[in-house]
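Note that subunit A is present in both complexes that follow, paired respectively with subunit B and with subunit C.
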Partner chain A sequence: MGTLKVRDLTKTYGSTTAIDHLAIDVRDGEFFVILGPSGAGKTTTLKAIAGLVEIDEGSVEIAGVDMTQVEPYYRNVAMAFESYALYPQKTVKDNLASPLKSGRHHHYDEAERTRRIADVTKTLGIDHLLDRLPKELSNGQRQRTALGRVLVRPADIYLLDEPLSHLDAKLRASMRAELKSIASRSNTTTLYVTHDYQEALALADRIAVLRQGEFVQIGTPAEIWRSPVDTFVARAVGQPEINLVDGVVRGGKVRALGGALEFPAPAALELPEGKEIRVGMRPSELVVHREVHDGGWLRVTGRIRLAQRLGRDVELDIEVGDGHLIVIDRADASHEEGQQIELDIHLPNVHLFDGGAPDEHTARLGSAVGRGAAPLPEELEEELGE
Partner chain B sequence: MARKEMMPGQKRFTAPAILGDVAILAWFVFSLFPIVWMVMLALKTPAEQTTTYFRFSPTLENFVTVLTARGTALTSVDFKAALVSSTINCLGAVVVSLVVGIPAAYAAGRWKFRGSDSLMFNLLSFRFAPELMVIVPLFVIYNGLGLFDTTFGMIWVLQLVTMPLVVWILRSYFEDLPEDLEQAALLDGYSRKRAFTMVALPLVRPGIAASALLAFIFAWNNYMFPLILTNSGSVTVAITKFLGGGGQAYYNLTAAAGVVGALPPLILALTIQRYLVQGLSFGAVKG
Partner chain C sequence: MSTKVEELHGGGALPLRIRNVRKVYRTGKKGVEAVKSMNLDIEPGELITLLGPSGCGKTTTLRMVAGLETITAGDVFIGDTRVNDLPPSKRNVGVGFESYALYPPLNVRENLSYGLKAGRRVADPDKIVDELADRLEMRDLLSLRPASLSSGQKQRVALARALIRKPPVLLLDEPLGHLDAAARQHVRRELKLLQRQFGYTTIVVTHDQLEAMTLSDRMAVMNGGIIQQYGTPDEIFDDPANIFVADFVGEPSINLFPATVVRDGGRTLVRVGADVLEVAARTATDGAEVMVGLRPQDCHGKGVTKGLTGTVFVYEDLLEHGIARVNHPGVPDKPLVIQTPAELQLSPGASVTFSAPPNRIYLFDKDSGVRIR
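Presenting the complex of A and B:
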């Protein structure tokens, strides 16, 4: 049993509120990711659940037991710290042995300890570093050691604070896959904190998007991607960021980019004439026109202002009407700067948000076809297993 | 010595560079001169003690006199006994300061509450008041309590000198220690006490060594408390007694006693030198 139930979790530092009445329900064995920018309160949330910071309000229930006032060492949670928190005077092996030696939750004999440590270090690719001190490791190796100290023992909940952030890109991808398989194998409830949307989408059963100490949206990766509740969430997932252009409803049509983008206002949304609106289109869902699509697609014409080759893809900055859009296309196609280009986007992928001031986060109204969620792109569909 | 910082195109041996070295050397000689003078004086015979010549016939006679003479006409000081009681009193004060001061410093470094800084400042402020200001009431109290001229009394009063030092130095060590380390230990299943002894304490060992040594030196060099609150005295008090009284001064004996009196802290410093270098360069506890 490893459920987690958090209610009204609140922590203030002086006059600033780090986390504000958070409610979390994590099912047994679920992989739950908290996604948010730095300073949103992610680490505070984890530490509050672990009992390492005194909370001002709220309750924490782990595995069905109220742990709100309980000392950290009775909670049977394991945590990977963003700062690694490896004991500098102990070798990698002794660092990993530490939770096994405390004997708080279970007693392990010498042979069992050695076996567990060997297992987890092999998985993490640090089995050749057992006798090193933390100061003799690279940041990536330290981070894997910190992760190892968590995975080496069973716990009701694993709390992982940006456990992959200091790995290089290649290693991060392989560790991500490793973590996902460990999580599904060990079936341990995991609360994972990150600012990396790719990690969140790839690993999570559910994602909670955190902004300034409050959850903006909690949902499956698919829900977060397809129907972000507001522009903040829409911008938090996807790289390059979603294109957001301001428009207005005129004569039953949504007009933006000085008229270069125009489509009928979906009747289901009942948008009044003259309503300010924000149109969102993801760069990966705007496709360069090559084939004729069936109905339900929108055509935009523009001129390539800048083409940046990024390996397999090319990122195009396209001048459209009085604004511009960022588009991702295959790198093998020819892209001349200054060239005319036609873009297609499936109408359900055109998100409509409330209008507002330039930096304001505004709520999602629906898509260009109504209230429904946008369909999932193929590559994500594969990854999310839907 | 580390290599000198060079400017682009600069040659290694230039007139300014050499002059700079000479200046440093001159300052070195100047600042060490009192110690050199004391050692020289300690080696001179009574006949030579008031001369300022660098040429003299050295003798160890003064050291023998200082360490053996007792109740002779020359001096009534038992210097050996003073060495022993100073050592006991100072070590006692340091031990008390560490036993009480380490947990206090840990608490002060980790537990912030309204007024915690004032409390720490208050502790330090004991060191601001001149000892002369409190010595008379202290003398009266010690007499009343029967603590006059007792080891316990001396340790008690010397820890007034050493405790704030230990607490203040170690507090900054504990503050520099990332809290995550002890938190990790808590989540590993260790109690707060174990997290302290297993994780925090070993990491501030250099700080403990440095603060203990400094505390010992401060206690060792204290003059006012043993002068007023004991008869048997301490090394500092004993040294002055060689100056004699009523006409005859034994500068050579005073110097010899000074040299002997300076040795214990020196020996102590050399034995823990390894820790001391780490300890005095703050922030050396990062993983």
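Presenting the complex of A and C:
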């Protein structure tokens, strides 16, 4: 029942196209995340689906019913905005009751309201706080109450616009887990918008990557990670972001970093001599000197330019040839700045993209061993025998 | 005095010492002590950060060193010169503050070369501006006026302006706060490389623990106007002095939960519900109620049969690793957070047993929060 089908959704503001012929199919019970930088059109997309902005073109079908011409009020969606407020003078219970007393839901009787509030507050873990006022709650409890105001309403689809973005990092991580837990237990259909790739990976059944009003790629978190369609998507997931270095095909080999990085051009990609390409390597998938060499590995040497501690891990900035690579390693090994090190690169994890200007987003061609997707980190760990 | 002041303009990096410095703000009859008897030694060419929540006194400290704030008591030395009574302009410190203070009628290049030329002759200012602009990836901003810059771009310009004079002492207040995630990482690395190259003695103020961890040679973690711990990022992360430091540094944050100490011959254990963990602390007394600190990143489950056993409540697969929240009967009010390797996939309801190396399990006094070693 809670399905969403969007076709050709387009919204322009004057001469600016905010969203451009978007197509989305969200399945019943799915948690679907739109990931994109600010200004990409994320909020406009949600508002267009909710009916809060007039669209120029396209159709919106919710739970099998064409809602394109239907007032927001009757679309049966519940939307939470970035900053949502609570009534300071009302208890948690009354805050949650108010959406059930107004508008479309005013017909709920006391018993039905109490039942819905009990369900939602139990799921959110705030059922012991029903008689408290907002000022008597912690930030996290307040956030959960605000979320409860959205979830207490029956709806076919829940539209959530960066609900965690105003929380500090610690609270954000725990609320993200709460949301994940709620979503997996309640089987609601959710369309969730964020600029935070970790939220997208953690929560999503599928992710749609949005850039300047267009979907660049739609896929599961694993698909987005292992087979990004272009450099934009590759850079959108993972921190520190993927290393991208320019290379060229010479004598059947891909050469980059002034020749320090060189491997046979994969035959399946049929790369012509002289073709400019871009080589992508994720910092967490580059390995500092291990005794693993079963083929499929390439060793390069470099010099540590910077070692910066990131919690349990350390981020190394390593000079290799005429460029440098960012690498993540465990902090328990010793890393001295200026030290020579050997870097082991697993070729299936090396992405190849078309060449292009520095700011240009270029398409993925395949990996250093062929057309396929790269292995996931878990497969790399198994390969390393960790 | 005058010879000493000349030292500040000699060009080389200088040590910086803060001795028993206090700052009291008077409002009517009441005084608020923003900084309480602070001592800090910074080596020439060292980069330190002052890290803490808002109101901890970190910015006040920086402003006292810069000369933008009077010093209630104590001394600040740059090199051998006591600078308490010198005006900001005589201290020869490079300052990059959050309020960007760029000259609106000048474009970015002019703003930068103005800072460069102030007070001295420079042979080829454009070349120096170009080089720095390349390093900070802001070449395309040089012809723009401040009004047309985004907040992140303004911040980059303000940082460049502080760096360009190569001052012996550089003071930066939240230098990366307005940058987006990708730019922040790049500028963070370049800032550190430039600092290494030119050897400015640098104080960075930040509330962002990751920024402090990555930038610092040493970092001072502050709370309530007091330095809680001063040490290298390794020392701060691996050997926290108290609960505040352990909790403020690290993401996901450290698990803190109560437990009972059990002395067993030469070993120290803590009992958590029905489970026990071996810890490295040697001075804990048998039967003491303590707080245990256990970092999510230090938990491991491979081959562990004796440790904490709980039930997974949520598991998040972040591909590079997972994060599991685990309910443990001995820790009733909140789940324990553990970071799991990528190859381990967990489901809600699964039972897991995990532990950590004894020297990575920290004990704190339940009341004072001080580390028990």
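One rule holds in what follows: the second predicted complex is superposed on the first by the 323 of 386 C-alpha atoms of A that agree within 3 Å, B and C clash if a C-alpha of one lies under 4 Å from a C-alpha of the other, contacts with A are read in each partner's own complex, and residues count from 1 in each chain.
Rule of thumb we're sticking to: a contact is a pair of C-beta atoms (placed from the backbone, for glycine too) under 8 Å apart; a residue touches a chain by one contact, two chains touch by 3 or more.
This one's a predicted model, so the numbers in the text were calculated from it and none came from an experiment.
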item: Touched partner set for A:W225, first subunit B, second subunit C, both or neither; value: second
item: Partner chain in contact with A:A202 - subunit B first, subunit C second, else both or neither; value: second
item: Which superposed partner A:A173 touches (first subunit B, second subunit C, both, neither); value: second
item: Contacts of A:L130 with subunit B and subunit C, given as first, second, both or neither; value: neither
item: Touched partner set for A:V70, first subunit B, second subunit C, both or neither; value: neither
item: Subunit C-contacting residues of subunit A that also contact subunit B; value: none
item: Residues of subunit A defined as touching subunit B within the complex; value: 47, 50-52, 71-73, 75, 77-79, 81, 83-89, 98-99, 102-105, 134-135, 142, 149
item: Residues of subunit C touching subunit A in the complex; value: 180-182, 185, 188-189, 192-193, 196, 210, 213-215, 233-234, 237, 250-253, 295, 297-298, 313-314, 316-321, 323, 325, 339, 341-343, 345, 348
item: Partner subunit C, residues of subunit A touching it in the complex; value: 37, 169-170, 173, 176-178, 180-181, 184, 198, 201-203, 221-222, 225, 235, 237-241, 284, 305-306, 308-313, 315, 317, 331, 337, 376-378, 380-382, 386
item: Subunit A partner contacts - residues on subunit B that touch it in the complex; value: 178, 180-181, 183-192, 194, 199, 202-203, 285-287
